[in-house]
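Right, one structure below, let's go through it.
Chains here go by letter, A, B, C and D, matching the order in which they are written, and residues are numbered from 1 within each.
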Amino acid sequence: MSIIVDAGTRVVIQGITGKFGSYHSQLMRDYGTKVVAGVTPGKGGSEVGGIPVYDSIAEAREEQGAEVVAVLVPAPFVKDAVFEAVDCGMRLIVSLVEGVPVKDTMLTKRRLSESDCLMIGPNSPGIITPGACLVGFMPGHVYLPGPVGVVSRSGTFSYQVAGELTRLGIGQSTCLGIGGDPISGVSFEDILTRFQADEGTEAIVLIGEIGRTAEEEAAAFIARHVSKPVVSIILGATAPPGKQMGHAGAIISAGRGTYASKVAALEEAGVPVARTATEAAHMVAEVLRRN
Amino acid sequence: MSIIVDAGTRVVIQGITGKFGSYHSQLMRDYGTKVVAGVTPGKGGSEVGGIPVYDSIAEAREEQGAEVVAVLVPAPFVKDAVFEAVDCGMRLIVSLVEGVPVKDTMLTKRRLSESDCLMIGPNSPGIITPGACLVGFMPGHVYLPGPVGVVSRSGTFSYQVAGELTRLGIGQSTCLGIGGDPISGVSFEDILTRFQADEGTEAIVLIGEIGRTAEEEAAAFIARHVSKPVVSIILGATAPPGKQMGHAGAIISAGRGTYASKVAALEEAGVPVARTATEAAHMVAEVLRRN
Amino acid sequence: MKMLEYQAKRLLAEYGVPVPKGVVCRAEGEVAAAWQTLVEPGALGAAPQNLVLKAQVPSGKRGKGGGILVARSAAEAREAVTRLLASEVCGFPVPEVLAEQQLPGGRELYLSVLTGTAPSNPRPVVMLSAEGGMEIEDLAREFPDSINAVRVDPAYGLLPYQARGLARRAGLDATAQAQLVQIIAAAYRAYWESDAELVEINPLTLLPTGGLVALDAKVTIDNAARHRHPELEGARIDSVETRAAALGLSYVELEGDIGLISNGAGLTMATMDHLALLGGRPANFLDTGERVLRGGIPDGLGLLLANPAVRVVLINIFGGGVRCDVIAERIVEAVRALPVGHIPIVASLHGRNDAVGQEMLQQAALPRVTVLPTIEEALREAVRLSREPAPEEGSGR
Amino acid sequence: MKMLEYQAKRLLAEYGVPVPKGVVCRAEGEVAAAWQTLVEPGALGAAPQNLVLKAQVPSGKRGKGGGILVARSAAEAREAVTRLLASEVCGFPVPEVLAEQQLPGGRELYLSVLTGTAPSNPRPVVMLSAEGGMEIEDLAREFPDSINAVRVDPAYGLLPYQARGLARRAGLDATAQAQLVQIIAAAYRAYWESDAELVEINPLTLLPTGGLVALDAKVTIDNAARHRHPELEGARIDSVETRAAALGLSYVELEGDIGLISNGAGLTMATMDHLALLGGRPANFLDTGERVLRGGIPDGLGLLLANPAVRVVLINIFGGGVRCDVIAERIVEAVRALPVGHIPIVASLHGRNDAVGQEMLQQAALPRVTVLPTIEEALREAVRLSREPAPEEGSGR
């Protein structure tokens, strides 16, 4: 069991003929993902490694039944790609590129709120249901099918956490990064709701970061709506206040979104907070043993 | 019985301290309308003829329970007034001013589609439920309570039609003008639906104009959804094609929205088309006799 | 407000739409300089250079109306401009002539952005046809499949994927297609930022050298938005219609002999229609709109009496917000201020305070004004007067 | 990208926000002209004229840091500028000094527009406080009731009624209130059209003569949107951070001695946190982001080795899309290209193809590089090395 993507998910790669796009579509295919189409305006009719390329997402949807778009176009073009995907009725957008202007994401999110489409990202590492479907950058061999859902603001660190879980023999139902930008599509709450409802998920790992208040809000949500055990880790315990850590990522200022406030909120919601990936994995093992 | 406004309707006048606004708020009050407040930014705390004035619609709503806004500010400020009214949850906006930029109305309408608020206008003569409530410019003495609903794109000509009905002793349930601009808030269909559902309305007069296709669409709607008798009149039989008649009003071009196409559509829907106001009134009398 | 061709092209060029090089000539003496600027440097290589001279009038049919001439020499150009400036094209005088380099012909496309008024969801519409050079109505009839359109959500504007989707169907090579995407985006921006009702580029021509150029362009600006565009003030066209518009009145000149003043576009059309039913022929459509009290009556009378075709004036007012007694006052003042004349005036006043207003007009006992109690009687009287032989009074116009 | 004060004021002035008259001095010689332009004409009447000289550094605390001086004569001004240009304020060198007319004091307001990031409904937020002149954090603590905010729907922009609603609560007279409405609208437009993350005017001062003036201003532009704003290119601040940003890297200098290169902001923070748990002190935060393959390793090493505080470099990469064997190659190339030096490097490579990558690094047998199988071991080794006494090798820095 899993959330959002599974072995039947049909994916179109927006930007497939770029170096980045063709490389990653190959990796996803190697993992077993049904990459059924690619899109590059002006390259319709060609193919990349046997995958048919179209001029528009609408055509990829029409002709190949694609329902999920992985966005791998350069950052300045992401807004257009996402609007196209929403307008033509795609179910899910996985927006993988970093460096998307925040204003573009704000408008994108406004548009998404008028539709039923879900967006993961931007600046997301993607989503993986181990053994079934990878839409993103995750190193597949690090993952193992199993009962733990992982949701993260960080990309690479979430791979490390998954790797630690796998090292302990603990598999994952679905792992995804909601994206490291100031504004993201799906929220922690959206994903927690789905993990809570998913029969295949027995425990949840939530990886947060300093800055903003997404973790505080997630903690309040967990207290009210999540009965499954949750383990968390917050990155940036030692980051100095007022400094921006990473492209458009974490920034703390003035008591909002500090490490301490996040840890306090989570602990109050009954969520233990680990300090390292290894510690988090061991906490999950413990939690699963108890259940 | 009536639609949209009745004796209990509580109205706030946006732009009440202007010459236009104060004059019309007095006329509406004289007719019996519950004008409970006025709004003019910067004039909050004053009053106009005993009507309290506020700085914002939100305050007028809060303090006087206003639910309907009559917009009487100069045309360049109408967009702002309408957004304010929608944002603070008013039920109905009657936008009376002519000369509102079409782009403003387009954006306004986009905003309205995201809310439950109804807008009549812009460039509407208003709405009147004879003997109960007038929000607009109609000359009240011309109207008589009774069983005929009147919906019109024209302003002054609709007064004439009401006058002809009244001369024959036929009263009106509610009369309103949807506005003469290229883009209007409520459509003929919105109003026809309400007249069809209103127990007090036994027959409907639809006053159309050349240009655009609102009448053709109304005809198709009547054929399917309106069982009450409808009488119509289309203005502009003799207007030369390609010329713009009135501020932002009727323009015919290229077979779209011609007099002939509208008359044909209405007659096909079983709606007789009168040629003059007097003829329309007599047709209504006939229709009511038959029922 | 309809812009003239050169005004429309100037606007589009500011947004990045390629247009032919051109110079506006307002007098014969300016032609030589235009010829030098546009032709002598041989800007288009060794090909023989012609100049196209286009009368700047707001009509789409000026080609057939003799308003477009081609000159192969400076002398021919001077002669053509002189001829055009002295002529009338499609009923308009020609104060300005646009001199443009004649470009080699090529495939012609059609592109426009206009305000879609579908009641349920009014939005800007971008239309592109792989065929061009004819009116959109003819295109729609002859090549309906060639026309593609996208609707734009005004909250977000035209998106690049929409422009690409249109451009893709024009059957151009990759370079021209990419240029077309830019032109579509530029036309949309020009439309949106100028509060236009219509931006039309027709033909949008593919030159043999590969580039796309707007050979002709029409732009109509929403009159109601003019206050936001002081930069477009220079773009007004002087005509009776615009002079009326400047007075806040809607005026359209027609073929008949009954001068008509009414308040509200619908009532004015209704009055025209009714006059026609009674055998009358309106000379114009004059809607005072809400200026019925603010100069509408005297300004309207002034416009009508300046039209030699008018044989009778009909004032048909239905007072809603405005009171008929106040209107009656305005009519009395306006008529008293007129020069003594022989054009009779029929007045019909209804609505708020109509009994008072009618009474006041009667009392004023103006010799040229007839007041009648019902609209139908007033219309019949106006038609009757329009058929009377012209009186032979001493005072001329 | 944080703009300097004068850059921010120039931007805001373009949108119609009133700012004090000022001149930027980059050398002592420019002060005399500034004095003449700003003071000698007695622009503010007969009052004695002072000049305020402000060090242009990207810190909100430069007032306390000695970065703001007042001069009562041309000589004082020259002296002050000379002093500032030679000093360091809040840790920054001072390449530029803004000379401004000193305006008479008055009530101080606070105004800002920033990107609200509430997950469910992220929107621009306009904040106004009737108190100003202190940091917003202090305002929020001391005068929480003085702060009002409105959220703007990005589909429609800030509406005048929203600006009026804010301005009304500032307790100004009608004229100043009307001016405040204009300033709020201008600040919003500047924010939106420049892709800003923050526009802050603090204090927004009410002069005794009645007008509002932006005495100080901060503008931060979204780095990701810089490609849309060539007009802002001149506004970059030169610092290690911006040099790193120009290389596509995120770099923040810290106080410790372990130079850290990692890929991804989260992983980099996690590594910092873990180092701290083990008793280590990172000298910096260096996130290669997706440039881990495109120059991230050599550029990052270059930046770190230029920092004299760094005693050991830790490279902690977790390969997702990128393959560890390719990263290993890059590390080998980069290290071989370095000048011979005594700074040890500890590498931890995990993720895609990690076994191959680790093996390759081992095989390369680089004398200064240690490769360890787990992240924890690598971190421990880096901490250990950071505590060793500095070696006495011949090659200095």
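What we mean here is this: contacts are C-beta pairs under 8 Å (C-beta built on N, C-alpha and C of every residue); 3 or more make two chains touch, one makes a residue touch a chain.
Worth saying up front: this structure is predicted, and the values here are computed from it rather than measured.
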Neighbouring chains common to chain C and chain D, by label: A, B
Distance-maximising chain from chain B - centres being C-alpha averages: D
Comparison of A-C and B-C (more C-beta pairs in contact): B-C
Euclidean distance of C-alpha centroids - chain B vs chain C, Å: 28
Approximate Å spacing (C-alpha centroids) for the pair chain A, chain B: 51
Chain B and chain D: spacing of chain centres that average the CA atoms, whole Å: 56
Of all residues in chain C, the ones touching two or more other chains: 155-156
Junction residues of chain B - those touching two or more other chains: 107, 110
Chain contact topology (line, ring, star, complete or other): other
Chain-to-chain touches, reported pairwise for every pair that qualifies: A-C, A-D, B-C, B-D, C-D
Chain C residues touching chain D - in the complex, by the definition given at the top: 155-156
Chain B partner contacts - residues on chain D that touch it in the complex: 155-156, 159-161, 164-165, 168, 174, 177-178
Touch list for chain C against partner chain B, complex: 115, 117, 119-124, 135-137, 140, 153-155, 192, 195, 197, 222-225, 227-228, 250, 252, 254, 262-270, 272-277, 282, 285, 287, 289-290, 317-321, 350-352, 354, 375-376
Chain A to chain C touching residues, read off their complex: 41-42, 55-56, 77, 79-81, 83-84, 87, 107, 110-111
Chain C-touching residues of chain B, taken from the complex the two chains share: 23-24, 27, 75-76, 98-107, 109-110, 113, 125, 136-142, 152-160, 163, 180, 182-184, 187-189, 207, 209-210, 212, 214, 217, 233, 235-240, 243-250, 253-255, 275-278
